[in-house]
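Please find one structure pasted underneath; my questions will follow.
For clarity, chains are labelled A, B, C, D and E in written order, and residue numbers in each chain start from 1.
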Amino acid sequence: MNFILDYYNYWIVVFLMMAGFYIVISANNLVKKIVGLNIFQTSVFMLYISMGKVSGGTAPILVEGVTQYSNPLPHVLILTAIVVGVATTAVGLSLIVRIKRAYGTVEENEFENKDDAI
Amino acid sequence: MVEQHLSVLPILLPLLAAPIAIIIGRSYLSWMVATIASAGAFIFSWQLLLAALSEGVISYAVGGWPPPWGIELRVDAANAFVLLAVSSVSTLVLLYARDSIQKEIDQSQHALFYTAHLLCLAGLSGILLTGDAFNLFVFLEISSLATYTLVSLASDRRCLTAAFRYLVMGTIGATFILIGVGMLYMKTGTLNMLDLAERIHVYDSSRTINTGLAFIMVGVSIKLALFPLHAWLPPAYTHAPSAVTAFLASTATKVAVYVMIRFIFTIFGAEHVFHEMGMDIILMVLAIVAIFKCSYMATVQSNVKTVLAYSSVAQIGYMVLGISLVSVTGLMAGMIHIFNHALMKGALFMAVGAVFYRVGSVDIKAFNGLGRQMPLTMAAFTLAGLSIIGVPLTVGFISKWYLVTAALEQDQWVLAGLVLLGSLLAVVYIGRILEAAYFQKLPDNVDASKIKEVPLLMLIPMWILVLANIYFGIETSITTEAAGSAAEWLFQHTRLPEVAQ
Amino acid sequence: MLLLDIISSILLIAGVFFGLSGAIGLFKFPDFFTRVHAASVTDSIAAILIIGGLLLQTSFDLNTAKLLFILLFLMITSPTASHALAKSARHGGLLTLAENKVKKQEHTSHG
Amino acid sequence: MAEIIDLVLLAMLALTALRVIFLKDLFAVVMLFGIYSFLSALIFVNLDAVDVAFTEAAVGAGISTVLMLGTLALTGRKEKPSKHSSFLPLVVVFVTGAALIYGTLDMPPFGHPDNPVHEHVAPRYIEESPKEVGLPNMVTSVLASYRGFDTLGETVVVFSAAVGVIALLGVRRKEEGETPESGLKEHHVLRVVAKLLIPLVILFALYVQFHGDFGPGGGFQAGVIAAAAFILYALVYGLPHSFAVIGPRFLQILAPIGVLLYAGVGLFSMYKGGQFLDYNMLAEDPIAGQHYGIIIIELGVGITVFAVMLSIFYAFASQAERSNVQ
Amino acid sequence: MTPVLAAVCIAILIVMGIALARACTSPTVYDRILGVNMFGTKTVLFIAASGFLMGRPDFLDIAIVYALINFIGMVAVLRFFEYTAPIE
């Protein structure tokens, strides 16, 4: 039981990652691909935040009378990573808008047929 | 003053120039800014290489915080050597781009092009110089985002789908690296590479560390387009503007190869990765398959840029093959090839871009009869092509020579034979293009008077690279010394498998 | 102090009760407009009660101000959102249950 | 208690993710993605990562969702059924997932205070940063000072995103801006309420910007919230009105200025004889120097993020509006 | 006081779950939006309540952001329906 409690968080996070990853590689629609990418990345963020948690600790903002804080370093890393994620999303979505204008569709198999290979 | 900050300046210069270039907004001025910044970065990286060769390691604590608490920039012969290749090619490409992008990119987007180029350069330099695993991820993303932008700037609509595919694959790769770094951090509690290397050995048999290693290797393999994860590369290189392809082909994947070397040798230790995990076999097999499969693919394409793109994937196979031999000579061959391949692919793509500039197409048929119309461009193409094949007196020969030597050191005769066989395929795909250029006639419907040499500003950088191909092919001491000491340095600071010694 | 705690508990529990009933209404009510009604009315009252309950636990510092700000914010945005949503649904052509019945009857009587 | 909440939230997340896989209506997918972001932000709060939660809520549920909706408005709502075989993706996902699960088996147990992550580098941040940097919020100290170079990189990433989006979608010039009155003009209540809220939101953004040293928040979050205020304005009153307040050209200048401000602090500290971004050199007293440095770089981050987020929104909204007119 | 707060938190979680179920399975698009909106407002309350439960009520800022983003999301959705027909 302890074993499960110790790893429950990680396992669910792995499941979420894989759900996102599956959407990315299986979706035919480009917007859905980007949604999947976001889910994938957000789940990775949860992995990081999970490892920073200290049971019985509190948020790493100094208050009187508290000595046990959670680890601030993963938080910093993930703040950066979230920004990276939204930057990628924005560029990806604008690519989709352009693709729609150029091809008239955002379904991968449809625009693949409209050009010769490569 | 300058000497003290030498390690941060190659990153800082393009990083500062990028916002300035976009504020200026005018094509000509932002080109000046970009070129000056890139040239400055080149000069600093040259000094940095000299300093690294004499001093060994230069550590720079950003923010004044000592590592592992702060972020450290750590320069040794290996990354200074690659940085030199990156910044020199970047400067030459920027010189070349001035005229080249006139035909390929809309006037209003020139400033954006230079900004993105500078951002990409800054990102690549950051990847090379940083000594922090997470900081590497951040710079990786800067360079990737800039790259997606650069690829999508072309006027052909297919560049959009190529860029999108690149974006999805690249982001998956980066996220895999993020997962891997997270697992390392989880076990060791640090992100500094040196500190990681020291603390990681306690956990050699840990399943978490090994999974982290696997994820980092897969992520980096996507970024460096190792077979079978190379699907994004040919379309991206084919449809990007010529100047962009010339820059990316000679730098982006090379930097990823460097990242792989850094993770294997500095962080995990060659002993662990190769001996205990058996990664050398995997890498070797993938490298050989890449060399043959992609060289073959290159021989059947009709678009010359695609031919060269597949050739790039094959050439990456040679670099990875060098790494997988796990010997100083093998690693040195890989490092030399990083530098040399930058020289030859840069020149080749510049020549192809020049053809596009005049003819407006890069189909192999468009090359018909160009040997007479554009003699200088095609001569450059020929020489660089010979270099890819590995003809003596060119840099390509040097790379192959050391690679074969490394294989023979371990009595791997078959491997040496395969390397030479791969070169034969290169003869085929380069030969097809040369045949078209020199032995075919210019089609009748083309006005011969319009097809003439490209402007001088395009020819000069191209020929600088071509001459460098020959110069470094004859005067080998500089590259071999730098790459050799880089390889030796890496090997001294890693735990070795007993077999290779 | 104890008295404040008791009042606060009562407010909180009442708030939760309204919240739950609203959630059930979201499933139980027959058409969209009644469901909006269930959701939005309970949203407002639950927010007032719960935040009111929490207010009693603060010691009149920055947190009190922030709670009041949240309350104000929710009081403004939540009904606005519901109103705009219902209006948009109306413009989009969504009918109430009664109207649907009428329409159906007309349809059958004509046909 | 925290564990139970964590459990329930994770279960909800798993449900949402599963639902997203099978939904074909992309509008619903985007809505559920918004919920997914909200939920993950809740988990971040629950795991003590308040700054991260702040950012995830503002960025993931806010900006990303708005951008996705903008894209959907242009590309259509329905995902077409595909003839792709889903076998290969499934295999890849199972292999990757199995590798990850294998990797979790040796992971340090969740939440134990003697895990390596809590014993090596981090203790210095927790114990020394209030003295060395002088801020109660350790996340801000680490973000802005110890790992300031990362944050500079982060700002540059945002800036490159703006470069990418502007290169792809372009900036609309004022001349062609003769689109008819747009926005939600039917919704009178909304218009009044929005007018009431926007100043409050901007005030809140300023609070987040300058209170980030003491509580959750900082330049990045403040930039996003300020941009959200203008996005609200543009959504309700239409782009032309919003352009009249802050034009896209102006934003294009503003974004690089933030980056330059950040890097400028670093250059100044080099000039003063320290390393790049060494705030100790900025004043006689190192703590004061740290304080100046952090305030200025946070301002730089805030300016860039604000300008970039808003100009990205402008780019998408212009596209949508243009297609609507046609 | 803590048991009451804990019960309140759990109850709000349940409401959130119901709203989520509504958002996942809904007859019309508007119901979906309604579910999402209700989910949003309940999260605001949840953060406020759990802040008091955990003893760190100074994180109410996050609740404010949630309320704000929730509202903007709603407006964006309404705006979105100006472009596409909501009912299929």
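As a working rule, a contact is a pair of C-beta atoms (placed from the backbone, for glycine too) under 8 Å apart; a residue touches a chain by one contact, two chains touch by 3 or more.
Just so you know, these numbers come straight off a predicted model, no measurement behind them.
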{"item": "Other chains in touch with both subunit C and subunit D", "value": "E"}
{"item": "Contact-graph separation of subunit A and subunit E, given in steps at minimum", "value": "1"}
{"item": "Longest centre-to-centre distance from subunit C, chain (CA-based)", "value": "B"}
{"item": "Two chains sharing the most contacts, counting C-beta pairs only", "value": "A-D"}
{"item": "Whole-Å gap between the CA centroids of subunit D and subunit E", "value": "20"}
{"item": "Centre distance in Å when subunit B and subunit C are each reduced to the mean of their C-alpha atoms", "value": "59"}
{"item": "Inter-chain centre distance, subunit C versus subunit E - centres from mean C-alpha coordinates, in Å", "value": "11"}
{"item": "Gap in Å, rounded to a whole number, between the CA centres of subunit D and subunit B", "value": "31"}
{"item": "Numbers and ranges of subunit D residues touching at least 2 other chains", "value": "50, 70, 72, 76, 100, 104-105, 107-108, 115, 117-118, 121-122, 125, 147, 150, 153-154, 157, 160-161, 164, 168, 184, 187, 190, 197, 215-216"}
{"item": "Junction residues of subunit B - those touching two or more other chains", "value": "134, 138, 141, 145, 148-149, 152, 179, 185-186, 191"}
{"item": "Residues of subunit C whose C-beta touches two or more other chains", "value": "69, 73, 77, 80, 84, 88"}
{"item": "Chains that touch, pairwise", "value": "A-B, A-D, A-E, B-D, C-D, C-E, D-E"}
{"item": "Residue ranges of subunit C in contact with subunit E within the complex", "value": "5, 8-9, 12-13, 15-16, 19-20, 22-24, 26-27, 32, 35-36, 39, 43, 46-47, 50-51, 53-54, 57-58, 62-63, 66-67, 69-70, 73-74, 77-78, 80-82, 84-85, 88-89, 92-94"}
{"item": "Residues on subunit D engaged by subunit E in the complex (per definition of touch)", "value": "1-2, 4-5, 8-9, 12, 15-16, 19, 27-28, 31-32, 34-35, 38, 41-42, 45-46, 50, 53-54, 57-58, 61-62, 65-66, 69-70, 72-73, 76-77, 183-184, 187, 190, 194, 197, 201, 204, 208, 215-217, 221, 225, 228, 231-232, 235-236, 320, 323-324"}
{"item": "In the complex with subunit D, residue positions of subunit A that touch it", "value": "5-23, 25-32, 34-36, 38-39, 42-43, 45-46, 49-63, 68-80, 82-91, 93-98, 100, 106-110"}
{"item": "Residues of subunit B that touch subunit A when the two form their complex", "value": "134, 137-138, 141, 145, 148-149, 152, 157-158, 160-161, 163-164, 167-168, 171-172, 174-175, 178-179, 182, 185-186, 191, 234-235, 238, 301, 303, 306"}
{"item": "Interfacial residue positions of subunit E with respect to subunit D in the complex", "value": "6, 9-10, 13, 16-17, 20, 23-24, 29, 32-33, 36, 39-40, 43, 46-47, 50, 53-54, 58-59, 61-62, 64-66, 68-69, 71-73, 75-80, 82-84"}
